[in-house]
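There are two complexes below, and they share chain A, which is joined by chain B in the first and by chain C in the second.
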Partner chain A sequence: MHKKTLSDWSLDFCIYLVLLLCGLATLLPLANILSKAVSDESSVVSGKVGIFPVGFQLETMKYVVSSSQFLHSIGISLLITVVGTVLAILVTAITAYPLSKRHLPGISFIMLLFIFTMMFNGGIIPNYLLMKQLHLINSLWSLMLPALISVFNMLVIKSYYESLPEALEESAKMDGARNFTILFRIILPLSVPVIATIALFYAVYFWNDYFHPMLYINDAGLKPLQLYLRDIVLNADSSNALNKSTDDLMNTSPEGVRSATVIASIIPMLLVYPYLQKHFVKGVLIGSVKG
Partner chain B sequence: MSVTLTELERKKAHAKPKTRGSGRWKLILTNYDLYLLLVPGLLVLFLFKYAPMYGIIIAFQDFNIFDGFAGSKWVGLDQFEKLVHSEEFYQVFVNTLLISVYKIVLLFPIPIIIALFLNEVRKAFFKKTIQTIIFLPHFLSWVIISGLFINILSPSGGLVNNMIQWFGGTPISFFLDNQFFRSVVVFTAGWKESGWNAIIFIAAIAGIEQEQYEAASIDGAGRIRQMLHITLPGILPTIILILILRMGYLLEAGTEQILTMYNSVVYQSGDVIGTFVYRQGLGQQDYSFSTAVGLFNSLVGFILIVAGNELSKKLIKRSIW
Partner chain C sequence: MLKKYNKAMLLTVAACLSVSSLVACSSKNTTTGGSTSPASTTAAVATTTGPKPELRSLQIWQQEDYNTYPVAKFLEQKTGYKVKYDMLPQDKPQDKMNILIASGEPYDVITSVGGTDFKALYADYAKKGALVDLGPLIDKFGPNIKSAVDPEALEAAKVDGKLYAIPTKSIPTTSSSLYIRQDWLDKVGMKTPTTLDELVAVLKAFKEKDPGGNADKNIPLTVRGDAPFIDNIVGAFGMPNFWNNVNGKLTPRIQDPAYKDYVNFAQDLFKQGLIDKEFAANKDATAKEKFTSGRAGIIMLNWSDVPVIIDALVKNVPTAKANYLPALKGKDGKIGLSANQGFDRISFIPKASKHPEDAIKWMNAKLEKDTFKGMAIGEENKHFTFKDGAYTPIQPIFTDERNRANNFLMGTDDKNYPTYWQARVRKDLRLFEAWKFMNVTEANVRVLDPLGFAPYLPEFSKNFQQLNVMVGDYTTKLLFGAEPLSGLDAFIAKYKSSGGDASVKEVNDWYATAKK
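For the complex of A and B:
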């Protein structure tokens, strides 16, 4: 290693500065909305709130978090996310296994069937009509069933299976193990990092999906969190409803309530994110280096 | 001699497992449980991916929901003729291409630069912190991000307009102005995904052999030279692959994103094929026309992706499938 020269110092300075700015640019909007959520009404309305709160209060947050509709939609989202992710991981991890055995007759063709759907699909309207025919409109299954297998996720798991040493399976076969046993006792336990990553991807998908609920769910009692958020945060006419419902709260503004709702719905993600982060970085590295 | 022959044959059997006739059936029968494992996946595939493709036939009909697929009138290519002559569709098509091309030209290099720079950082704590922060927006939904930026770009008390006013300018309604709406779409997409998209390049850099850097450093190459002559060429195949993939999705300019951001005032600049299909189909109940637009979209997308894959096979000997 050679000694640090002046050009090294200036290079380091530039790199650290650029990355620091990237980090700040990411945090700034979040800091702004957090401040609005915990600042008092007059400061929010007069536009005084920047990155730091002005006139700190937690009333708005308390109001939002205890709202029964908010809690209900969080419950719906949790249900979809947990059930959807568990089922999706099961189906995806199981399907990927036979597809990693390219030498079996017919497997290449079945593989092609899966890959074709990555490039071509029926589109919004035919999908909507199908849901209607299956009587899945206003059913939470309409949000889960079609998403149980993402071909991209399946390919990542498949390429991970292929990277496992073949000798493992051969020795298990010598001991008389059948394919089922090999998959559940040997392959799956060895695939925990990649499966955890893919589970995270599915969970994020189910948690964040607003598009399909918007298409398939009209029943107010079945609205997941993102749809509830959309009503509150994006629909201009919702501000009237907000005004009415917040009459009893002297210290809140519609803007404050909106900000607090956004913050309250980010919190569950923020709580799990740090634990998941090390997993997905590792998992993505494994998946992409291979794939 | 005979020993080597049997050895050869055994090797052949291993290397070329595509057995014919009875051997093929034996392979299927002894592995029937593997085929059973495919059942749930194939069920989902046929029911929710292939069955809707049957619904595409309504693009060739004047579909009426009460008459169904069988009862609706066949109109041949009428819907497509309507599409070609529709000025609204022309505008939507141009919007789609513009937003998509802006996104590629302006946003594609950012993750590469982030990955290159992160690779130069030796302080593990700083590196980890920055990564944690810039990956985060990827995990937030478009509804939340739209809410965030509607707030920040608001003409009454939004952070950005406060700054504009502080410098003596007049506030801008970013979400209601056809001049600015596309910029908002491109910028917010960059904010959400730039950090996350760097991860694939970070992975590619991790795959470069360390000896190359040692050799270069002995030859007296500085860090900028190493970055430009080792790291960058090292991840070039990945860059090309991702770029080609991105080109394949040229007509997907961000439907889910724009649906949370736009309103009738900015249809002129922000309506893209996906949002147009949604509006015409489910808003106006014009199922057939909207399916025709969707089919056009899928077909062009399909051609782009297949062409991209062939290109990638030729250029870098790597393909997506």
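For the complex of A and C:
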């Protein structure tokens, strides 16, 4: 290591400065919403709330967090995310395994079928009709079943399987293992990095999904968080008065409540993410060293 | 590697497979459809004698779940019908409604809002045969609907002479006007302006005499950027609504002869610094911020915002007082505040409904006098008190149990509802005062939207939103001088060719028949 010169120092300084500014830029809007959520409504209306709360209060947060609809929606979202991700990983990993065996007869034809669905799909109305015929409208399964396998994710896992040495399986076979044992006791434990990555993809998808619940869920009791949020956040703006009846105008939710809802809804992710990300990063690292 | 030939063959096979699976799927659809329909008809027959069926109702979005809302339980007790409520999303409800109608989801009643967009959708469904003709059903099962709902409203809800929806009339209201700092007026020693000239004098005094103590940061009048037609002021030019009666013909503002005068007037205000310099960039919230922080003297405001605004204002400026300006008179005595009228909601029965008769019976039962009152505002001495002809809510139970009751209405008792409804405004005295000033004190200057009860007008519905935005943007540009007024003729020509002409013709063809 050579001694740092002045230009090194100034370069470091610039890098830190830029990174700091970028970090702040992403934090500022969040800080603003957080402050609005815990400031009193008068201060919010008169535009005094910037990065720091003015007239600190927790009533709004309490009101939002204790609202039964909100708790319900969080619960639904968690359920979909957890069950959906576990099932999706299972299905995707199982599908990818035989497809990684090039010697399987007709493999390229089956691959083609998968790839075909990547490029073409029926569109909204046929999908809706399909769900309806399957009696899945207003059922949480309509949000999970169609998303259980993403061909792209499956291809990622498949290529990872292919990178594993074939000799491994042969030796397992010689020891008397059959296909399921090989997959679950040998292949999957070796695939933790890629599985973790894909699990994160699926989890984020299930947590963020807004469009499908909007289509398939009519029952207010089954609304996931994103749908609930969208409704709350949109429910404002008296500038939209032309399309609203007088009663609706009197019932718009205040800015503070909307901010508090947004904040309350990101708390679960904020709690989970750092933990998840730690594993995620570690998983990728193992993968690259082995690669 | 696959040969090209093989690839092509595989593709065809894949295509065939997907097609055949589609066919298989659709044939399965028809068989399941066939097997369920006899079952449902027998169920329908059984209901005429047996217990009342559970109805399915699709409603517009509200914050609480309909099914657990107290009004739902009240209605179940009174009408004997158990109803499962679903709701449309807040975001693009039209799209969702289209999907549900197209896929034949068996709702027994669908209630949407009654604005132009939804009136157009409703008429479209009716014309395509997706809705049940309610006429014969109402004759048979709907005596209350006939007696309670305003016949004029029922007439206006007809499509091609047939009634497919129960309309819920809105309470005609003026919602927006100019809201002024009374304490500023007192400080500059002036009286409440009643004419445009007096208004200009007041604005000048606000700018020059610094009643707010903001030095040169005083904003005499602030408005939103998307509202270049300033309510109350446009009334003084005889154009309170988007469409106004000019010599017996309905005319959109841009083609109104008074348009130039209005633009000249407002432009002049802007040049003198009497209108917020940044008004074009103002959102609803920014204009409110300027007013509540004590920098603006007058704001264009909805009365529904008054309690929040006054709270914030007084917190920042404890001595502040504010109230609405009366309607201002123009040079030739013109005066007017825009008031909306028309349908608040429309409720219709899709063809896919399994119990259309029961749906009408249910709606009829909801319009039974006492049931309607109980649904709308609750029980006397529990939810409200009645004194000297006025209904006053008892809080907090009124807000807890009847605040969303308006979403349960399907047609109203049109003679009594406007009086019942005032209980809603009386939940806050400041709200009531603001509403009363514009709608009772100033009732004689209200100009009802002439298109409120217009039937579905295809050209008008197709274009009105886009045209309104076009005119709004153009007028904003004129006001702050980004466009010269000399280009007006060219703009009008563009307006006419973008659907303006077709709309004017269609609207006036209807207007001519409606006036008779």
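The criterion applied here is as follows: the second predicted complex is superposed on the first by the 240 of 291 C-alpha atoms of A that agree within 3 Å, B and C clash if a C-alpha of one lies under 4 Å from a C-alpha of the other, contacts with A are read in each partner's own complex, and residues count from 1 in each chain.
One rule holds for everything that comes next: a residue touches a chain if its C-beta (ideal position, glycine included) is under 8 Å from a C-beta of that chain, and two chains touch if they have at least 3 such contacts.
Here the structure is a predicted model, which means the values were calculated and not measured.
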Check the residue A:113 against both partner chains and state whether it touches chain B (first), chain C (second), both, or neither.
-> both
Identify the partner contact of A:33: answer first if only chain B is touched, second if only chain C is, both if each is, neither if none is.
-> first
With the two complexes superposed on chain A, say which partner A:255 touches: chain B (first), chain C (second), both, or neither.
-> both
Comparison of chain B and chain C by chain A residues contacted | B
Have a look at where A:218 lands relative to chain B and chain C in the superposition and call it first, second, both or neither.
-> second
Could you look at A:69 and tell me whether it touches chain B, chain C, both or neither (first, second, both, neither)?
-> second
After lining up the shared chain so the two structures overlap, which partner does A:50 touch, if you call chain B first and chain C second: first, second, both or neither?
-> first
May I ask you to decide whether A:41 touches chain B, chain C, both, or neither, giving the answer as first, second, both or neither?
-> second
Applying the touch criterion given at the start, work out whether A:171 contacts chain B, chain C, both or neither, answering first, second, both or neither.
-> neither
Partner chain(s) touched by A:234 [first = chain B, second = chain C, both, neither] = both
Overlap of chain C and chain B interfaces on chain A (superposed complexes) = 45-47, 113, 124-125, 128-130, 214-215, 230, 234, 255
Chain B to chain A touching residues, read off their complex | 17-18, 24, 27-28, 31, 33-35, 37-38, 40-42, 44-45, 47-56, 58, 65, 113-114, 117-118, 120-121, 126, 129-137, 139-144, 146-152, 156-159, 162, 191, 194-195, 199-200, 202-204, 206-207, 217, 222-224, 255-256, 259-260, 274, 277-278, 281-282, 287, 290-291, 294-295, 297-299, 301-302, 305-306, 321
Chain A residues touching chain B in their complex are 1-2, 5, 7-8, 11-12, 15-16, 18-20, 22-23, 25-30, 32-33, 36, 44-47, 49-50, 90-92, 94-95, 97-99, 101, 103-106, 110, 113-115, 117-130, 145-146, 148-149, 154, 178-180, 183, 204, 207-211, 214-215, 226, 229-230, 233-234, 255, 258-259, 262, 265-266, 269, 273-274, 277, 281, 284-285, 288-289
For the complex, which residues does chain A have touching chain C?
-> 41-43, 45-48, 69, 108-109, 112-113, 116, 124-125, 128-130, 132-133, 137-138, 214-215, 218-221, 227, 230-232, 234-235, 237-239, 241-255
Would you pull the chain C residues touching chain A in the complex into a rising list?
-> 2, 10-11, 13-14, 17-18, 25, 28-29, 32, 58, 61, 63-67, 85-91, 96, 99-100, 102-103, 105, 113, 115, 117, 170-171, 173, 175-176, 224, 226-227, 283-286, 288-290, 292-293, 302, 304-305, 308-309, 311-313, 315-316, 340, 344-345, 403-404, 406, 424-425, 431
